[in-house]
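Presented sequentially are two complexes of chain A, the first with chain B as partner and the second with chain C.
Here is the complex of A and B:
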């Protein structure tokens, strides 16, 4: 390769490099513009949440004033950031956070342990269990929700945090993702540790877990988004403010005769922040770990 | 040497005990996931088949629950509203597939080149996908405002004022299409990531070989990229179809199935039967039908993948 470059006249190589570079910059700019168009609705949301008059928000929507606020105010946020009363969006946000953290943390542990044993364990029924996991993956949440609501209310779990966490901790999809990730790690790792007399749990915890950062990140993002955005389930199992998540609370704006867009916008921005942080924290590993995992499944 | 030693009879017993201990440990590790799935997935799933064949109401009544056979299914299949909802999600699927997957494919192709701000761009394009559907409804609820919302302004500007403002969510001819627009915008990010992963999986050597043979960019796309993405296309189309058939949240929030039942969907129909009309048996029958539809789509995927030999 280097020989080829050296035999070219130096000036030509530089000119070509420059042309390619400017082409790339033009390309980047084009894509950036498309990206900005795609996210302009989100930008509009942020701007609108800083305007204090809901009629002005709607009036501004039809023009470029939708993207500009001359006198930003946090009054909408102050109106809804309560922990009790009618606009207890602080509380709803907190509820959602509790549910998210509990679901993701326990989900990572439970699903990765099962995936690990399915990949490397010596259980005799392993292949059957794996087939069961793949088969269960087909069942959509929507088609088990009817009997599940009845089961939960009979168990007295209506209106609790547990009812919003427990059903979604173990999931065939995430067991399978972990299984696939662990199975592609070299066999020698397991054998060497076993020779040293390490127990299965020890091998899982001290050798495989530290290596599975990409898988943990991917499952965290997927589980986090899923838990954060749950809507149908919590509408069915929550009745009071006690454990109501923010998604259900925001939806109640639509039930009113005249929608308080200003408050709805501020609540929406609040709802976006945690999941945005989660995504930014883990996105480094997100795309790369999708390679070969999702598609082949 | 060591291998021979472990197989001597004297050491056989401790090894076996260790095997036993290991087995117990493995069972303890696998138990939580399978126990939770047994309670929260398998049990309600099996129950739904049983409930679908009874006249069980949502709230227990003094009268005993009766086994009614396939009566609920018969009623579902003779209800015109059920067929309307099935027709609506089919319409939705037919519109949303090309729009959402096309958008995902296009953005993935754009992002696949080595650009200086690649990570930033990828993050920006993925933003709608991490936005909750409820928030998406708040945003698009204002975009759809009639008669002078942003979308109507854009339509009016592009058509030079010849097209009258559209009542996006209030007009039965437009309501489902409006739902399609916001759904495609919200969800294309995930398919984009899957396409990106698929593009990264195509070996660079294939492109080099094509280049040496003098193939143009278009031919390289058609003869290297497209065949390489075949399993990705199948996967993306199938998960998008399954997702589309489960359409619920945006409809429940923005239109409640209206106007004139033009946005009624299967899941919305099910939730209404189960929780507004309190007919649990009937709603369970709908949920079984939904499962069968999803199963058929998944089986179709398997068949397609086998046919493409991947």
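Here is the complex of A and C:
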């Protein structure tokens, strides 16, 4: 009897343990399959960029050969690494980087200041202003793009870096994000600093900004990706290689009659790298900001 | 210190002088599209022109092909039209009607004008004043490509000239036979993969329908109702829908290379002249070039490509014309165009092109230009005509009712024309 009492739970525990292990294996397998599916286009892109025959790339696309290259070559990368002339992809990459850094840095300053004022500033009609900011967010960019082109051209900004930075520095979404983040911080922080005689700008700069790393990371990544992937706007307002970004330059590979898949793939890989670096640099805070907002919510 | 100050003053003076000199140059803006090869070719011609004309600066403005119209609209709105612009031939009437282009005859070298093929003249001519508003080195056409091995296996007749093109009965009979042939997955690739964002459907399918007695719009009354949704069009599009239903046509999802892809799953391809370079590179001598089939009583083929015009707002039209003449005569530019199997729009270019000259592998394609080419409707409403038509065809190919889709398209076109009061003076063209 005692044996029976002792052995029954043990066998149950083993069975339960086995069950858990099998479940974990199934879960891991599922995750692995999903991960493979998610990563396969990127892998395919990387492999295709190492093939130097655009017809081969096309022919391989529908089969597993798309994931294999027998004689890898960097010739596509060499082809696009020019820094001057109409096909200066190195130059375009540099242009995109300048636009990204300038947009993100100035965007962080402007939007965080606006968010801070909306959260803690002694403004009249703050609620209305906030409602207006949120209302602005629902207006699609495409609907104002043509009037914006006319404005920028009248300001004489066509074909400059400024025309690709200025319109996108202030954004209702990021103002609202900062507002939400600042508003959640304890009121006592502001009051204590104020009692110590700190000005509003000092409180913003020395207390609230250092505390808002997750918000800064989130906005940096979102703004960075948005700026990096801009296509229609720079197409409309840039003319020459002086300020043309990489996204517009890559479109050169997609001609009316033929597509240069080989070089387009190599340029796409190069285009992907800075955004990946940006994400990897900020992802810890980026994730924590999303987790934090979910928990707080 | 004094020396440094002196050299700074001299340097500044030199800079100011250089800036002044740069400002004295006449700047000609040239807006164009194209893949890297063409972009480089245009850039090289511009550099050669600048070297020959030191007082002129050619600024090339690249606009991506798929966003060309948006870029053009932005330039119009911002009043920043370039001096020279590349434009898609069927949009010419709309641009001239809108006042964006000026007649180029007095601005282009006479020997070039005399060298133009009839089809090239047709694509650059505005029907109201019959004046020439654009000129190009090239033109275009669509032919029927065949896989020699498969055609021999079914005993198909290979036409040797435009005059003995396949009839509808022959064409459908061969499609049926090919559908049963081992190794053939689809009898024909009509390049549905180009989608409805390009001009392909109107450009390539339009002539097949015209051959069957249909047209996109009545070219005298400029009314689509009664023509586009008439019996001939409904019958012709039902015929094409039937090909799709029978599984004879490569589906959109399979891309645009099934004719020469691994295993060559498509036996025929209704492709542009530019497709020859890709197909022959992959299939060598196994490619046969044939004229488009005659669906009805007459054969019809498309024409028209990207051509060059001078904007009405250009402050230096003579220099712009001089550059265009220089571009179209440039030897290296022509050499590059040859490597791209560019379809000749100038007689001298045709004669020098081994592909299109008599006996060349694409001679049949060039023969179509003088015998069967019909331009797309040269009307200011063309942007609406093509968009409505392409959406209708797409619906029909995806199983929609032909009559219903064409009636909706015709209505949309007529409404646009009515909204613009008939686009006078087109309303008087009866």
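Note that in this section the second predicted complex is superposed on the first by the 262 of 297 C-alpha atoms of A that agree within 3 Å, B and C clash if a C-alpha of one lies under 4 Å from a C-alpha of the other, contacts with A are read in each partner's own complex, and residues count from 1 in each chain.
Simple rule for what comes next: contacts are C-beta pairs under 8 Å (C-beta built on N, C-alpha and C of every residue); 3 or more make two chains touch, one makes a residue touch a chain.
These figures come from a predicted structure and were not determined experimentally.
Clash or fit: what happens to chain B and chain C when chain A is overlaid?
Once chain A is superposed (C-alpha atoms), there is a clash between chain B and chain C.
Applying the touch criterion given at the start, work out whether A:150 contacts chain B, chain C, both or neither, answering first, second, both or neither.
A:150: touches chain B and chain C.
So, does A:121 touch the first partner chain B, the second partner chain C, both, or neither?
Touch status of A:121: first partner only.
For A:42 in the superposed arrangement: first (chain B), second (chain C), both or neither?
After superposition on chain A, A:42 lies in contact with chain B alone.
Between chain B (first) and chain C (second), which, if any, makes contact with A:236: first, second, both or neither?
A:236 contacts both chain B and chain C.
Just checking: does A:55 make contact with chain B only, chain C only, both, or neither of them? Give me first, second, both or neither.
In the superposition, A:55 contacts chain C only.
After lining up the shared chain so the two structures overlap, which partner does A:84 touch, if you call chain B first and chain C second: first, second, both or neither?
Neither: A:84 stays clear of chain B and chain C.
With the two structures laid over each other on chain A, which partner does A:70 touch: chain B (first), chain C (second), both, or neither?
After superposition on chain A, A:70 lies in contact with neither partner.
Looking at chain A, does chain B or chain C touch a larger number of its residues?
In the superposed model, B touches more residues of chain A.
Pick out the stretch of chain C that clashes with chain B after the overlay, from 9-17, 135-143, 153-161 or 189-197.
After superposing on chain A, the stretch of chain C hitting chain B is 189-197.
Could you give the residue numbers on chain A that contact chain B in one complex and chain C in the other?
58, 61-63, 146, 149-150, 231-232, 236, 248, 251, 253-254, 259
For chain C, which residues count as touching chain A in their complex?
The touching residues are 29, 33-36, 38-40, 42-43, 59-67, 70-71, 73-74, 77-80, 198, 254-255, 257, 260-262, 272, 274-275, 278, 281-282, 306, 340.
Where on chain B is chain A touching in the complex?
Residues of chain B touching chain A: 19, 21-23, 25-30, 32-37, 40-45, 47-48, 51, 58, 107, 110-111, 113-117, 119, 121-135, 137-143, 145, 148-150, 152-153, 185, 193-194, 196-198, 200-201, 231-232, 235, 242, 246, 248-249, 252-254, 267, 270-271, 274-275, 280, 283-284, 287-288, 290-291, 294-295, 298.
Could you pull out which chain A residues touch chain C in their complex?
55, 58-59, 61-63, 85-87, 146, 149-150, 152-154, 158, 231-232, 235-237, 239-240, 244, 248, 251-260, 263
Where on chain A is chain B touching in the complex?
24-25, 27-28, 31-32, 34-36, 38-39, 41-42, 44-45, 48, 57-58, 61-63, 66, 109-111, 113-114, 116-118, 121-123, 129, 136, 138-140, 142-151, 166-172, 175, 199-201, 204, 225, 228-229, 231-232, 236, 247-248, 250-251, 253-254, 259, 261, 264-265, 268, 271-272, 275-276, 279-280, 283, 286-288, 290-292, 294-296
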